[in-house]
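Here the chain labels run A, B, C and D in written order, and each chain numbers its own residues starting at 1.
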Amino acid sequence: MGSARGFSELRKAVAEANRALARSGLVLMSFGNASAVDRASGVFAIKPSGLACESTTLDDVVVVSLADGETVEGERRPSSDTPTHRVLYNTFPTVGGIVHTHSALATAWAQAGRPIPCFGTTHADHFRGEVPVTRPLSVEEIGGDYEHNTGLVIAGYFEDNQLDPLATPGALVASHGPFVWGEDATSAVRNAEAVELIAGLAMDTLALSPDQRPIADALIERHFSRKHGPDAYYGQR
Amino acid sequence: MGSARGFSELRKAVAEANRALARSGLVLMSFGNASAVDRASGVFAIKPSGLACESTTLDDVVVVSLADGETVEGERRPSSDTPTHRVLYNTFPTVGGIVHTHSALATAWAQAGRPIPCFGTTHADHFRGEVPVTRPLSVEEIGGDYEHNTGLVIAGYFEDNQLDPLATPGALVASHGPFVWGEDATSAVRNAEAVELIAGLAMDTLALSPDQRPIADALIERHFSRKHGPDAYYGQR
Amino acid sequence: MGSARGFSELRKAVAEANRALARSGLVLMSFGNASAVDRASGVFAIKPSGLACESTTLDDVVVVSLADGETVEGERRPSSDTPTHRVLYNTFPTVGGIVHTHSALATAWAQAGRPIPCFGTTHADHFRGEVPVTRPLSVEEIGGDYEHNTGLVIAGYFEDNQLDPLATPGALVASHGPFVWGEDATSAVRNAEAVELIAGLAMDTLALSPDQRPIADALIERHFSRKHGPDAYYGQR
Amino acid sequence: MGSARGFSELRKAVAEANRALARSGLVLMSFGNASAVDRASGVFAIKPSGLACESTTLDDVVVVSLADGETVEGERRPSSDTPTHRVLYNTFPTVGGIVHTHSALATAWAQAGRPIPCFGTTHADHFRGEVPVTRPLSVEEIGGDYEHNTGLVIAGYFEDNQLDPLATPGALVASHGPFVWGEDATSAVRNAEAVELIAGLAMDTLALSPDQRPIADALIERHFSRKHGPDAYYGQR
């Protein structure tokens, strides 16, 4: 797989996505990583474990096999969350990039075990409905292949609820934090920013109106389709 | 309309207002746009769609006809919110500039569907009474000419309540966010900052005193007239 | 009064205090001003009206008479809050500098009409007890010499409650915001920072423990006297 | 004790830790200090009293005897919290560095008199269970050797509850704020950052789910041991 010069383009994109993630302010302490997939080659590239996002370079990035999770290229140990990313790429064939953070407000919703209701158009511009929260992992899942099981719990939620991963580009893992994705690493970073923004908006909305209901489906559809799909009319042509 | 050299002065002012909006911190992700009107020429100028406020230049700005909404000058596609701005300029003849943002705290009030009560002098310095919130748009209004209808819902509120748009220089669109205006684009940006500030003050006021009542009309009048109108005595003469 | 070269030292100190206030982040929009008194000369110096704190220079600062509030030196119009400062200097002979802001969290307490209880040592290091809130001004007081009456309402509170203005170096004016002072303008700025900090701490304390009681008098005395008075043992000798 | 050239290495490390603490944003106004111990020499080094963390240099740092609290090296007066640090070093033989701040969110929990429950993996990565809060000091303890007694109250809590100070690397002193430690001054600063982060996450978690319960012990163990102890698998080998 890969050309003679290996995966330097993919690794460069992932290094840049990790640095963009650092600039976004979503990475608190060292909690954060971004990855991107090359489906033709059957690999994805991810930040190494324990390194700061803001200083991640091409040479730091590790390339991992989608098939078995083994390192294909790179000298470092991949992020401890690598097995979660691998499950998500293998489950969601349309996803091109994944971001994990412990961004403060989204993590509070994850810790509260509550999905983020769609209370407004800022939300509907990015998610066609609520930001889901997973069930807690069982003691067995925690004690076993923990990070792999984290991916399975997200994947199971999407299967059970028949969700399109590009219309619901992320989920909150209960007691943990957000995993967010997109068509590529750049849109995954942008969606991670959106999750943090709408987490804060929704928290304050409930403080003001504790019984507030989600917005009408028609408004969700209008805003989501304004920016996504064949009828999009936002941005320059 | 316009001089031989076109609307470069108007476009320059709007480019600067969009950059000022970016500096204000009110523009989260790319949610934000500023416009200004030239009533003698029957046009207004606005940010293009999907471009970052902070990098908007004169050449990016689009000039649009007040009469029919068609582009009069500029190469780009105007903001998707252009029809909302057009309705507001056509309804409020004293308004010279309009700003739309999804600034976090004002948007939370919009999502909560609550007007911001006038709890103090910071508020009364800018709004002679509450910051209103519109009714939600109907499914028909959402499915039709959505952005145009957003403007009509704001305009309808001001008509029904006989409000002076310069004494109430903005409104929260339910489930969406603030549209704020002023005598020109500069004062619209300043009023958008004021709305965000007083949204936060009011939220914290209610957290401390959930049943707090608005301040006395006499105090509202004193502060509003200290800065506005013939008896203003704030600032340098 | 004043030397041949006038009050340039006093004006310089006040210009610097206003710039320090801007750097502190307490001045939202243009709500803020700092002043200092020269009791031997019977004057105080204050920021001009409507100018930004961060760009205040010696030449901008206005010198005003304690006796009658008339301008003694300086070209500009003094802050609209000048009559409030004058009443406070005339009432509190130990006060050397005064700061007024609409800093967000202290203003929320003022708008809520609640004093800030002393919930911890951060508070007790600066205030020997609660940060008081005044009664609302009456319609007559608002309609009359409003800013002068604002000063009288603060002064009346301190007289009624027999408070030492250096042990309680500030008050929240109901529905308005904090007026804070100190032995000089520098300590007034520092105390204004302290008020904002303890306003936030107390707000969050009540969110966690809505019925929390103030700390013991012994702890208040210990901390206040650690930093103030003859037995102070904080800082370098 | 110490080499001929004295404790310059220890003092340098402590100066750097105080500057790192300033950069972390945890030091509000001047509330904060960091120290480190040299057990072979029976001393610890600490910031001087009343000086800003961000400008602390090697020459400012004071070296104090673990045995009697007397200054061994350095010209300045040590932090007023020095007796608290000394008790903690003498009680916890595995601790190498200590940090005290009044960081806003952790201090709010301290003022509320509530321990921070372990609501998620961000927390469990740093504390194997809740962040404890001490009992209030008695009037006698406040009136006596106050800072020494503050250390004793923390130490007593750990003894009563049989806690390992490296698995619970900090505590909230009731009505005061956090004291946090680690294997060295660098990890103490990092743990102080973690305490502030998880204080905010937990506050928002309770706002969303007021009756939320702590996470399962299995998840706490998994995350704590992922980063600490013989089975750690986080970071580069």
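One rule holds for everything that comes next: a residue touches a chain if its C-beta (ideal position, glycine included) is under 8 Å from a C-beta of that chain, and two chains touch if they have at least 3 such contacts.
These numbers were taken from a predicted model, which means no experiment stands behind them.
Where chain B and chain C touch, do the two copies share over half of their residue numbers, giving same, or under half, giving different?
different
Considering only mean CA positions as chain centres, point out the chain farthest from chain C.
A
Between 0 and 180 degrees, and as a multiple of 5, what angle does the rotation take that fits chain A onto chain C by Cα atoms?
Result for this pair is 180 degrees.
With chain centres taken as the means of their Cα atoms, state the distance from chain B to chain D in Å.
48
Chain A to chain B: how many Å between their CA centres?
So the centroids are 34 Å from each other.
Which parts of chain C, given as residue numbers and ranges, touch two or more other chains?
In chain C, residues 207 touch at least two other chains, as defined above.
Can you name every chain pair that touches?
Listed in label order, the chain pairs in contact are A-B, A-D, B-C, C-D.
For a test of understanding, state which residues of chain B touch chain A in their complex under the given definition.
That would be residues 28-29, 31, 48-51, 76-77, 80, 102, 104-105, 107-114, 136-137, 139, 142-143, 146, 175-177, 203, 206-207 of chain B.
Which residues of chain B touch chain C in the complex?
Going by the criterion above, the answer is residues 119-122, 190, 193-194, 197, 200-202, 204-205, 207-209, 212, 215-216, 218-219, 222, 226, 233-237.
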